[in-house]
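Scrolling down, you'll hit the structures one after another.
Each of the two complexes below includes chain A, the first together with chain B, the second together with chain C.
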Partner chain A sequence: MTNPERDTLARLARFGSTLAVALVFAGLAFAMLSLPAEPTGLAAAVRAELPGTGAANPVTAVLLNFRGYDTLLEIAVLLLALLAIWTMRRGQLRPQRDPGDVLESLASIQAPVMLVVAGYLLWAGGSAPGGAFQAGGILAAAGVMLVLAGSGWPQRLSGWPLRVALVLGLSAFICVGVAVVLGGQEFLAYPASGAATIILVLEICATVSIAVILLDMFLSVLRGRASRTDTTASIDQP
Partner chain B sequence: MDVAFLFDLLLAALIVWLGWRALTSESLFRAIVLFVAFGLAMGLAWVRLDAIDVALAEVAVSAGLTGALLLAAFGGVQRSGDDDDEP
Partner chain C sequence: MTALEPGSTWVVWLIVSPLAAALIAFLLPRVAAAIALANALFMGVAALALLDLVTEQGPHRYSLGGWGAPLGIDLYADPLSGVLLVVAAVVVLATLFYSRDYLARTAIGPLFWPISLFLHAALNALLLSADAFNLYVTLELLSLSAVALVALADEQRAVAAALRYLLASIVASLAYLLGVALLYHTAGVLDLAALAERATWTPATWAALGLMTAGLAVKGALFPVHFWLPGAHSYAPSPVSALLSALVVKAPFYVLLRLWYAPFAGAPEAVGTLLGLLGALAIVWGSLQALRQARLKLLIAYSTVAQIGYLFLFFPLAQSRSALQGVTVFILGHALAKAAMFLAAGNMHKCLGHDRIQDLHRVARELPVTLAAFAVGGVCIMGLPPSGNFIGKWLLIEAAFAQGEWGWAVVVVAGGLLSAAYVFRVLGHAFTVDDKPVDASGAPASMAWAAFALALLALTLGVFAAPLIDLIGGPGETAVAHLSSREP
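Right, the complex of A and B next:
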């Protein structure tokens, strides 16, 4: 293809994408402007049903009780994303270059604090902002920091313990859902009496899975890089 | 005009500006750093909207872990020749 042709094509493509973005923006703006002035959400309905959900925080009640199915699927999507990354993973993790004293000592101070914060967020999720995704994210971030600081500790989780941790959240959700169905209820419709315990167990399992999935995504991406030529720069070097 | 409104206005402008810079940046590395900054500003915006749960998830997952993932992938795609993206 000659250069002028390619230029015309590129200009057409740019024009088309600009037009598409402008149309989507106009649609969104119209939707926003035509919203009713009074909030019409389900906040009142959620608040009215809150006592029977086993969670004092309305967000947690929605995520794990009313819309537990959505959370189940979210964890499934994370797991699928990790599987997709695994299919592209090659090679072994190279030993990281010397991280330096600052990162090493910072990680050794920060990692325990992050563990405590994650535990707090998990526990607070029942009554205040927090929950499985936040706690799992912070746990995974602590793992990433330890990996970058040259600690081999996060990589020790491998083989079948790793796989069990990866599917723990999803399988806990499915088990609870099926158990409730066997008890004569709808899928994931917990009995009000045991709801608080069920939600806590689900949150703990989901936190473990989310943390391990996110951390393993990072490790897998690092591994994919390690299979390339050894001249590539290392990201932990400032 | 009260201070909170002015702050919100500045925050909204900052988010749009960071998003624009991240998308148009020539350097991949700079785009990733801008994306992380964008995530942090978004977290602040969620706090201003009283959505603390979303803010926590945004900062931990979007700014923190996605940033780390992008940096790891950046290290992977970078060839030995074009080192001008290096910090």
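Right, the complex of A and C next:
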């Protein structure tokens, strides 16, 4: 049954919201176009201070030294996101279906290559684009691929070893920060001589945590889906 | 880099201690509750010590990493952040003490402890942040921990409410982040005080003002973008409802307040008036909705929607110092009273097995302390003396008169009458007599007294308010200069 008056209202509402979105978009576009072409950012200041940071790549210097506190909190955000998924997680992962020969053999070739690439990105982060987030992302992707190819070993990490791996990055950051404070300096102020080593250690720990967190997010969602289709399929259609 | 005097590291411990405690509580679930309570106690001590420090020595800046703004990130503490840190510690301590017995009676797992510790860390980090981008990160951490805590309730509806909260929150975060990017591109710095020095009103600044205000309004549940709040705050486990309504929802308002004194200090009056009008509508709409609710926790949640409206009355009245003082005391009073009411509602829910307002019979006889906590909290929400809310409303009315804008004063008074109506509606049902049994063992004395202690603090806040008021925008200094000042 159609109600012509309601149809008109719905059309008006749609027109109104389209108009509102268009206006906001136009305003934002105008603001963007009016921005100065040469940004007045802190790039010059970062370059000037780079030698004392322990990193040759300005992005790494910003992420792990100048604004290391932001990165510390971002790693906490990642861990917290996993805990949020865990609060909604129910049930166990089903046995995998047969992935097929192609996927299985491809995965067995690609996984070691990805491991090497992740290691390279982690190391390169000191002087070129790269670093913990990229390396952790690739490691996690390798883990996801192995799970999809039917390998069981990414899931073998569980219990307290899993928990330690999850908190390693954030713990390392906190330990370094507190050690410096107890030594009489500001939180996360690395001594210039040891900065490169500290950054490398932090990046390694962060890579491990990021990889394990991302991988476990994937596994947790898989588990959640497996349990939903088992028990509450009638309530919660995908 | 020079060695610092010992007192100045309190800002660091206020952030690092709850983070470290969260990790320990995550690794060792058995001692999680003890760790969380010990940390909450320590947070109370640290917040008081910091408040003392900034009262003695004035606003305090701390350069993380030793770089200093604008290259590095600075933490910033002044009496405003000091008193908010103290009240956050008090509410968290009472709520976690309550949660020990509450969790023992539910299926909520030990993840509650690390996540609530993350929430406390996020809150403290936000209150101490002096950097526009760092504020974004702390808002993310705060929202995610709040969402996760809502989802802990073992109920499909709670998970749905949590996801709705998450989606609203993410859109709001992105709007805020885009605003930060525009500000950075225009001014080249992220530190709030440095932004204030370099702010010019270009189209990009206007866009940033709109985006960041809109994003923070969604996160702060300002009418009409409060749609996510009633579900999230009412379906969450009761201690979580208390944390969310008392503390989390105030954080975006606090960020907006800081922005209002730094990059957006020159915003035209019309923007402030608009925010004030939305606040006034929130007071009326939230109160009317609260009157209509059948469930107690939904009533309290809608009451929060209304009370948030009072905070936004600050913006049209920002010219007079008593507006900032009023809004600060109001935040403290509402935090204590609302936490008490949600904890009391949690007790009633546990004992009765439901929270239908119509069926709250015999609560007065079987749960006297719990009902007293709810009633005292309700009296504070109405704004009767000597509650902090009374002082807060009084100062807001004073600010309205000082600026000759009587309309805002009328809104403040009308909101008080409406809140009296919905509080008495609950009390009326609680005093009726019925034969149905009430299982008073559902809420042990510790839970009832935790709620009552908070209510009592809220009620007596007005007595301590005078020194607090002097702290905020202290004598001889305007509030504006006080908030955006940088340490020499």
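Side notes on the structure shown:
Criterion: the second predicted complex is superposed on the first by the 201 of 238 C-alpha atoms of A that agree within 3 Å, B and C clash if a C-alpha of one lies under 4 Å from a C-alpha of the other, contacts with A are read in each partner's own complex, and residues count from 1 in each chain.
As a convention for this text, a contact is a pair of C-beta atoms (placed from the backbone, for glycine too) under 8 Å apart; a residue touches a chain by one contact, two chains touch by 3 or more.
A quick note: this is a predicted structure, and the numbers were derived from the prediction, not measured.
One of chain B and chain C touches more residues of chain A, and that partner is C. Legend: residue contacts after superposition of the two complexes on their common chain; A:59 is shown touching chain B, with no touch to chain C. When the two complexes are overlaid on their common chain A, residue A:41 makes contact with chain C while staying clear of chain B.
When the two structures are aligned on the shared chain, A:22 is found in touch with neither chain B nor chain C. Shared-chain residue A:12: touches no atom of chain B or chain C. Within the superposed three-chain model, A:30 lies in touch with chain C and out of touch with chain B [touch as defined at top]. Looking at the shared chain after the overlay, A:102 reaches neither chain B nor chain C. Shared interface residues of chain A, touching chain B in one complex and chain C in the other, are 235.
Looking at the complex, you find that chain A touches chain B at residues 57, 59, 121, 129-131, 133-134, 137-138, 140-141, 144, 214, 217-218, 221-222, 224-225, 228-229, 231-235, 238.
Those residues of chain C that touch chain A in the complex are listed here as 1, 3-4, 9, 12, 16, 19-20, 23, 26-27, 62-67, 70-73, 109, 111, 114-115, 118, 121, 125, 133-134, 137-138, 140-141, 144-145, 147-149, 151-152, 156, 159, 162, 178, 182, 184-189, 202-204, 206-207, 210-211. By the touch rule above, chain B contacts chain A in their complex via residues 52-53, 55-57, 60-61, 64-65, 68-69, 71-76, 78-80, 83, 86-87.
Residues 27-28, 30-32, 34-36, 39-42, 45-46, 49, 65-70, 73-74, 76-77, 80-81, 83-84, 86-88, 160, 163-164, 166-167, 170-171, 174, 177-178, 181, 184-190, 235 of chain A touch chain C in their complex.
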